[in-house]
Amino acid sequence: MAFRSKDFLKWCDEVLEGILRKSPVGSGIDYVTKDFFNWATRNSLYYLHFGIMCCALEMAVASAPRFDAQRMGVIARSTPRQVDILIVNGPVSKKLKPALRRLYDQMPEPKWVIAMGECAISGGPFYNSYSVVPGVDQFIPVDIYIPGCPARPEALIDAFIKLQKMIKDNKKGLLTGK
Amino acid sequence: MAEMWINMGPQHPMTHGLWNLRIKVDGETIIDAEPEVGYLHRGIEKLCESKTYTQIIPIADRLCYGASLSWSHLYCVTVEDLLGLEVPPRAEYIRVAALEMQRIASHLMWLAAYAADLGAMIGFIYSMRDREVFIDLLQALSGSRITYNFPRFGGVAHDIPPNFERDSLRACDYMEKRLKEYEDLYEGSKVFMLRNEGVGLLKKEDAMNLGVTGPSLRASGVRYDLRKDMPYSVYQELDFEPATHKDGDCYARFKVRMDEMYESCKIIRQAVTKMPKGKWRTLAPRNAPEGTGLGRVEDPRGEGVMYVVGDGTDRPYRLKIRSPIFVTVSAAPKMLIGYKIADVVAIMGGLDMCIGESDR
Amino acid sequence: MAERGKSTGRPEEGLERAPSRIGEDPEERVIRALLDGFPNTVTDFKKLRKGVLRAKIERRELYKACKLLKDSLGFEHLSMISAVEYDSGFELVYHIVSYQERLLLELVTTTPKDDPSVDSISSIWGGANWQERESYDLMGIKFNNHPKLERILLPKDYVYHPLRKDFKG
Amino acid sequence: MNLFEFCYGIIHWLVDLVNHLWYWLGDHLPRVFGDFFNWAGDLAVSHGNIALFAILAEAVIMFVIALVNVLNFIWIDRKWMGRMFDFYGPYYVGYRIGGWLQNLADGIKLFVKEIITPAKVDKLGFLIAPVILVSSSVLALSTIPFSPRFGVFTSDLDTGVPAGLLIAFAFFAIAPFSILIAGWSSNNKYTLIGGMRSAAQMMSYEIPLLLCVASVFLLSGSFGFLGVVNAQHDIWFVIPLFLGFIVFITCLAAEVEIQPFDLPEAEAELVEGWTTEYGGFRFGLFMMTSYLRGYVGGALATALFLGGWQGPSIIPDEFWFLIKAYLVFLIIEWMRWSNMRIRVDQILNIGWKRLMPLAMLNLLIAAAFKTMGWF
């Protein structure tokens, strides 16, 4: 019987998944680690360095000395593989839409989306334009909406705090998902 | 490594906005380049045809997020040309002071992005911190941080707030001190000079032929500044000298922008001290006559032009916007070819991209 | 388009820099050179204000006129190309700037509705390249002999020209 | 008493405890089994076996200390950066201890993130690159003693790892290969260019680095940490070999890829360099390893040039060593946060045309000192 390393890994996956996800062992581990993992997740939010329009400027200002979002552990990374938050900070044109969707798909779970400013929420002043998608939530699930045109940096920091609260409220175990 | 095409964008830390630079590289050397814009196209020109003249002012603000005041001012200048409207002198002085503040803020934004591109995080931080000084002044003037909605046809929306003159003078003093520090920080750095001198050469003839305007043109040795050569507001009454440099490389573009900030400080000082008393706004008619209006101003990024066609109603028949960056980007391949991948950030950062105005 | 081959041909030989007469205004020199060069096709010469001129030209002479402006009259910079749609046809407005003389010339040309095409001037001013592509993209005006006439702002597979008046949303 | 004796004692005690159980079983079980258990117990108690386990225990202790060090390092780095940038640095997460828990939170968060292996990567290379990078860096670290009594030793004689410095540099030099593998296997143009840059840069800076180290070997006449540090009892090597120290620090900055020389992960042009396709915990490992290498570099510079653990005996030797290593690291970080990035051809120029002759000159100076008999 050919039992290659690939098969072995698969078997390990299945057995371990079965044990961990369905038996009390998994929920026990979850019960112990849930709070800790949740604390870590909500206190280290990396966002994608991705600017669209005016709000991108305020996003940059939020990480500069006066508003200083870094003290809360909010850092910008340039590649979608390493981030938790996608901040959509401007109108999404039809040319951009597939690229943005792809960026969102490249981010690892758990991930959140902040729609910053009117343009991302509903299209803003360009709501009836022929090339603007009226609201980013038409193709990406959005967790936090920040109104304002453009939203101020304080509002962005407030959104981070609200997101932290949201993560804390939706506490989930790593294994069982409960 | 074989030759390959690399897509830099639309999400790339170098772009500062939504555009895509496709470069063909042989190892690390660029042998072909092709910018691609349009990811932020909002159809503003079409949108304006369905809005009244006054409703367009906030939209003109959102053309460029780096220097929004300059664009709403350009729009107002254009419509005033169509209406044949005179602007009271106090309003002109307020506009000039605000415009120069906007220019400094925009250049500081550029400096922040440029420094971050070259890898000096400290430059990003310092410029962002000092930009807040001018943003605060503009906020006191108009009430918001980025999109001001401040100019009106025949004037400005509000008079200046109390103590504005004192605060402006203080801000100018502070800024000039900080600018000296920046020069130490950048020009004193051997690494900065290594990265900038002789990189991204743009000859005078090419710059003129390709339609490059603004600081990039002046860095190539053409002394052409609309504020001086075709004065549009009260600029002819103010004493300043447009900054030029003859080298045409990235360092020249850096130097021209740094010098422009000094000049802007000078202009703000003169404008707030010379400001006459009087009205700051005249009433404009609701409907514009048939005809055309043209506005040309010196945006922080180059020559901004608007061309409006009125048809006797309260909505423009056609509004055409000339974005300096749109034309300047088309000249990018000329500067890029032959340099290394690492020079892309220096060259494109030196052009001060603002995609909002370029894509419209 | 019978005139097409003629108008986009080789750079006009024998055009010299129009000599300025003593005491002559640069504006008048431009007016005289244009009217001399194209007596039948340049119409509606106007001086809007100081340093701003406006002229109408037929589209078959556009390339030649631009060549003259660039080579002999020192208009180094093409500022803007705007396309406006009227009921009768399209109007193309070229804003051309002379850095030396501080002049701005609005050169207006019209095309009929059924054949919106003019000669490309991107071989004269490199800066016209993208602006012509933009006019093609948004207004659907064809530029003959353009090196790469493709959509620039809108996606490549877009079918409309949105700035036309019959395009709604 | 050194760390080896300490571990040896503990292991010995544990083995004795187990052996008592074995012998008890051997006494009370039927004869065949009893012989087996007695034999097993005799085997386990031999000196070589206990020494082996003691070395393993030492390695574990050093590794834990290294991890805590990395947390400290990142925290100090971010606070130091914040001080320069008008920031607080990490502040709210664990604010009673100055935001120290921020790095812990980052690490744990990366641990619970989804681990993505993109579809078109070369699986073996993609998976093995972080392993090589982390293990080689940790192995380099494990050879470094904090003091004559605290480090990985093989016996109770105070010799340390024989030729420990050579081993440390050998492990330190493995990293470019893993970076190249990571860059190539990610199947992304940015990572490929990053990996190529990294390979070119590290190879060319390895040589001046080792030439500087050779000058230290020449003066001290030893390849081991203890020999080198003891040779600096009278005068630190930074004073006669100041030129070498400067070259060493510069090359070190290039080796651990920090700012004037951080081309492989140049943020502005190559999105995140060779780590672009790595997310989740693999990225966390890369992040941790870069700081770990920073610490190893600081420790090596300390041992080679700054007198190692020598200092006034107000505080223990181990802390002297850590303080010096941290200081070297902070100087490198200072360079990082206030400098710009050099272009790739310029970096190679600097490496081959400037640092290489300087390193040779430094070697000559060292040889001159040696022939004059001053050392």
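A, B, C and D are the chain letters, set down in written order, and residue numbers restart from 1 in every chain.
Going forward, a residue touches a chain if its C-beta (ideal position, glycine included) is under 8 Å from a C-beta of that chain, and two chains touch if they have at least 3 such contacts.
Being a predicted model, the structure only gives us computed values, none of them experimental.
Listed by label, the chains that touch chain A and also chain C are B.
Separating the CA-averaged centres of chain A and chain D is a span of 34 Å. Rounded to whole angstrom, the centroid-to-centroid distance between chain C and chain D, based on C-alpha atoms, equals 67 Å.
Separating the CA-averaged centres of chain B and chain C is a span of 26 Å. The residues of chain D that reach two or more other chains are 85-87, 267, 271, listed in rising order. Residue positions of chain B with contacts to 2 or more other chains are 12-13, 38, 41, 43, 46, 125, 129, 359.
For chain C, the set of residues that touch two or more other chains comprises 154-155, 162, 167.
The touch graph of the protein chains shown belongs to none of the named shapes. Here the touching chains pair up as A-B, A-C, A-D, B-C, B-D. Within the complex formed with chain B, the residues of chain D that make contact are 81, 84-87, 189-190, 192-193, 196, 259-260, 262-263, 266-271, 337-346.
In the complex of the two chains, the chain A residues touching chain D come out as 36-37, 39-41, 43-44, 65, 68, 70-73, 77-79, 81-82, 84, 106, 108-110, 174.
Considering their complex, residues 10-13, 16-18, 38-44, 46-47, 50, 58-59, 62, 65-66, 68, 109, 112, 124-125, 128-129, 131-132, 145-147, 356, 359 of chain B touch chain A. On the side of chain D, the complex with chain A involves touching residues 82, 85-93, 99, 101-102, 104-116, 267, 271-272, 275-280, 283.
Against chain B, in their complex, chain A makes its touches with residues 48-54, 56-58, 60-61, 64-66, 78, 80, 90-91, 93, 95-96, 99, 103, 125-126, 128-132, 149-150, 152.
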